[in-house]
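Labels A, B and C are assigned to the chains in the order they are written; within every chain, residues are numbered from 1.
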Amino acid sequence: MTDRSLFAKNPSVLIFLACLGMFTLGVTVFSEAFGSGLISTSFVKTLGKTLCLCLIALAMDLVWGYTGILSLGHFAFFGIGGYMIGMWLMYERTRDIIVTSMAGQEIPPTESEITAAIGNQIFGVVGSSEFPAIWAFSHSLTLQLILVVAVPGLLALVFGWLAFRSRVTGVYLSILTQAMTLALALYLFQNDSGLRGNNGLSGLQNLPGLDEVPQSVVSVWFLWASAAALGLGYVFSAWVVSGKFGSVLRGIRDDEARVRFLGYSVEAYKLFIFTITAVIAGIAGALYYPQAGIINPAEIAPIASIYLAVWVAIGGRGRLYGAVIGAAFVSLVSSWFTGGQVPSIPLGFYTIDWVDWWLVLLGFSFVMVTLFAPRGIGGLFDLWTGHMAPARHGQDLGPDAGSLQEQEADQ
Amino acid sequence: MRVITLALTLLLSLSSFAFAQGSGIQEVLQTHRAAIEKGSRKTIEPAITAIAGSGLPAAQTVLQKWQQKDMWQRKEDGLFFWAEEIARKTYRLHDFDTGEPVGDYAKGDLDQLKPNSGVRAMIGAALVQFQLSDPDPTRRLDALTAIQRDAEESHLAPLSASIEGETNPAIKARKEQLLTLLTIRFGKDTATRVAAIESVSTNISLDTRAALNTLLSSRIVFDPPEEANKGRRIIPGSDDLSIDAAFELMVDAGAMKHVPTPDERKAFLLEHIDDGKVGGVPLAQLDTQEARDRAYAALNPGWNPLVSKADLVQYEQFYEVFDERDRAVTNAAQEALKSIKTRVGLNQTLDLLLDGISLASIFFLAAIGLAITFGVMGVINMAHGEFIMMGAYTGYVVQQIIPNYTVSILVALPLAFLVTFAAGVAMERLVIRHLYNRPLETLLATFGISIALQQIAKNIFGTQARPLTSPAWLDGAWVLNDVVSISYIRIAIFVLALIFLGLFLFIMKRTRLGLETRAVTQNPRMAASMGINPDKVNMLTFGLGSGIAGIAGVAIGLFAKVTSELGSDYIVQSFMTVVVGGVGNIWGTLAGAAMIGFLQKGIEWMNPSNTLAAQTYMIIFIIIFIQFRPRGIIALKGRAAGD
Amino acid sequence: MSTLLEVSGVSVSFDGFKAINNLSFQIGKAEMRAIIGPNGAGKTTFMDIVTGKTRPDEGRVIWGDKSVSLLKMSEAQIARAGVGRKFQRPTVFEDQTVFDNLLLALKKDRGPLPVLFYRRSAEDVDKVHALAEEIGLTDQLDRKSGELSHGQKQWLEIGMLLAQEPQLLLVDEPAAGMTPEEREHTTAILVEAAKTRAVVVVEHDMEFVRRLNCKVTVLHEGSVLAEGSLDHVTSNKDVIDVYLGR
């Protein structure tokens, strides 16, 4: 009974990778840039963005489905990742434009004149022209890429250390993470936050120095990158949860105190998984926003993180493919409904226009899933494989069981 | 001085009264006929003084008509009348003394008197004394406001004279206050002015502060002359005076020669391009500041790039110089302003406390329902904010049906309770009942309901804000002074919060429902075995919590805009209130609301321009606060805390 | 026999109620001890203090040869120092197999990184099998522990405790809800364990305590009322008063 390889233990990883590969190949073949053009460039972008959302859903599943921390703040890390890469994209692109436009002057511009012009161009909308200190590294892709993982990781580390150290758990932690996102969003909404207030960063779809490459090609590149990131993230997550580490995580989810009395430092594990998933979320964001083209503080409002929880819950927590399916399914169906492509239902006295009623439908179907299908879409796979969970979850036992509440063992 | 003015006025009016006894104002006018006809600013003054001082009832009419260019002179005999146009080029003349019409004349037979703006201003000043003693109090007040807006030295005497006869105490007080302010600015001598300034040093009104600040208006001067009224010395490079501005002051004073800025030097270089080179430096190399400096220095041998403006201005004398010449007056004004500032600070603290209390009441109202469902039942209701919204929309709908605002509010409060009570009971029965003891799933399910309710509200009422108008008796504010005031709505909300605190305590401690709720909270099985139906108790408790949210919604809707997002604006703060206060204790909720309310106001006070930042810092503070009191301000201890 | 754990002068109160009142207690390195006492005597709170779950208001808790204080250590550190605890309710990880439960408890480096890169060795697997043998769950290794019977869960939890290789075992009511046969098995496991380490058993059931055949400490109102053999304490007048009520 010694260890087998990761893939032998988890055949679903191979199946997932195969599906992901086929999907990517299929989109490439039908894309405008490399194939028949059946799939429009904007839809390729939507698919690429969906892959990024699947990646952050994976992170959410690790932290919530496996460790039991219902974080309502992971979109903050996603947004920070986007902002970090966005700073470089915006700086470099503006620099290209400025240098080109200044090239015609009789006296060539100095470095400081170029910097001043870029600052004026970028921060003119918020009535400033000075570069804030946080843009110090924006000239370097390498440094900003490091920040993509470092800033979310560091924020998660500090926040998690504070929260877990004082043993904030359960709904308290959820509300605290939500407060964190809200604080960050409100901060970024200010004009003097240094990130252009509610204008956000824009024009991110243009890659600096690659102006001659059409968007149709760029979109496929990003799809590949997103698919690669999702694949790597999936393998990494599967590796983390399949071994003894995963066993400890699920132990923390089911009975935190017991894990502690076994001698494991629960706080260290929580902090570790919280930080790692924040980094994954940051990477997902860094891939998402160049495809979206614009990022602003509204993206990291608390509601976004709650939607993340909705995706994972609908897909099925505690299983990696569930999170991916949930994110892909809900976000694609959502864009289908809100895109106005679903026919309205005339009731005679009232016409249900799905653009308006989609959220109502989502809200109620979410309640239904929570009530009747707590294992989500992933639960369907259990029916198919005939796998059933043990039936003896947390009965009340012992002499004073009346005061003890049933453990959330089937969470 | 007032006495002298009075005596003078009296003397003047007596003499002219004797003179004009026989033929009224026309006589006075005829005496000064030449000056009036000429209408020159230099010579008109005796005429105006004579009319104003005549003491005749018609004097005011004359001045008004004259100022409005309605005074005409009959060519045939040179008499003055006021006229109105009754037909084209035809005017009806009225006698000033009797007011009776004297006949209709063609325009050609008349001369209109057209005083220029300088003369009109003088007439206006003369009119002030009439307005100040006008029998109509409104006109007296208007005159005071006019003087206050545009004070002149000439107002001082008439104002002072009018105080004696003033019968209305409120207007008299205002007149006296205004007289002090005028004395501060235009008083005859230093002693009078200083005395006036000292007399207002405890007065925190905006007018006083504005008057004192006007006295202290100053500008920064390089090396001011000996006789100037100097204030502080200003160090260049501080917040008050930048290095560049200091240098410019010296250049203006002729003490320095202008030093070209980099942009000016660049423009100079552009003008002196010679065969692809400037000053011997090829154009292509001019992409650094050093290269440009070299080129500029080559063309301007006297220019030294190393000269620093900061060094040049550093030890020079810059002072703030008051526009007011009299040092004793500015010193007194500074002293008075200092003592006023202390008082204003105290009053601002009081105002801040009132603001904090009112914000705390709002948070308390929004959170109390949540405290019941979360604290007592352990149920997280993310749709709580939407219940608040439902309450507000209920108020709006009621106002559409009942136009009387007072009645509609009285109807809306219980109705909002009923609507949200029903919604809460329905939600408990259909959803939450199945999820007891699974708090995270409850959170998610109620969130699902929250987004659905929000979207439904959007579909029904649209995205634009709906008004929920408060009755007239709630309009306005309780004004203590120019610094401290609080609107009646906020007082009403404070009272409402108190009522709910009392109501909650009553229900929990004195009623059967409260007893049963506490029993079910502590030990559901034991309670069930004693014949309490936990299902019913949970349902009613949840309904109660939701119902209070509805009432809070009506209250919040009165001062906030009613939109579908109303609830989500308050939900995070409400949760913070409950969490910070400590779960399961109404006093904890109160403490939490107070802390968050005062904290937010305090942070806003420190950084008034930015309420967004205030919220950010508040949330960060709460996150740190939770470190030290993870279970809130008022925490359950021991085994009951249920680790 | 040297002292493994020394508790002296410990008091703790919850909202004015003194749960533990100036309690002193000692146990040696390879000793079995039973703690009995009526409800509310402070038995569970005593365990909470030793394992670091509750901080006492005053007093000292000294541990091991190096005489370190347990009061400044976290629960996890105390557990790693060699104190194992079994709860009143069987708490095992029901979603995981018996094998995984035991593997989780094996004495190994507990840091996140070593655990992340952990690969199970043949030696560890053998240890798990040996433990399963000892607690009689060899046939159940691949089952999810949630599917076990109540008694089996209790044994699994004791097995997990043994896997930790603690120097001190704190066992809270191990026989609650067991059939007579299961009790016998439990007794055997505990007696075996006490040969190499200290075992403290909190129990209501006098018959079970008698079978353990060890020194008994009687707690009452948060302090020690009597100590000695079971026969000795049951003949003590105070103890009789407390149990029968005055």
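Here is the rule we go by: a residue touches a chain if its C-beta (ideal position, glycine included) is under 8 Å from a C-beta of that chain, and two chains touch if they have at least 3 such contacts.
Everything numeric in this text was worked out from a predicted model, so none of it was measured.
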Reference chain B; chain at largest CA-centroid distance: C
Chain nearest the global centroid, as defined over all protein CA atoms shown: A
Averaged-CA centre spacing for the pair chain C and chain A, given as whole angstrom: 44
Whole-Å gap separating chain B and chain C, where each centre is the average of the chain's CA atoms: 69
Contacts with two or more other chains, residues of chain A listed in rising order: 257
Where chain C touches two or more other chains at once, by residue number: 53
Shared-contact residues (touching 2 or more other chains) in chain B: 643
Parts of chain C lying in touch with chain A, wherever the complex brings them together: 51, 53, 74-77, 79-80, 84-85, 87-96, 99-100, 103-105, 110-112, 115-116, 118-122, 125, 144, 146-148, 150, 160, 164, 173, 176-177
Footprint of chain A on chain B - complex, ascending: 266, 269-270, 273, 278, 283-284, 286-289, 292, 380, 431, 434-435, 437-441, 443-445, 447-456, 458-459, 523-526, 568, 572, 575-576, 579, 610, 612-613, 615-616, 619-620, 622-624, 626-628, 630, 643
Contact footprint of chain C on chain A as seen in their complex: 1-3, 240, 243-245, 247-248, 250-251, 254-255, 257-258, 260-266, 268-269, 272, 389-394, 397-399, 401, 404, 409
Touching residues on chain A, where the partner in the complex is chain B: 70, 106-112, 159, 162-163, 165-168, 170-172, 174-176, 178-180, 182-184, 186-187, 189-190, 192, 257, 302-303, 306, 309-310, 313, 356-360, 362-367, 370-371, 374, 402-403, 405-406, 408, 411
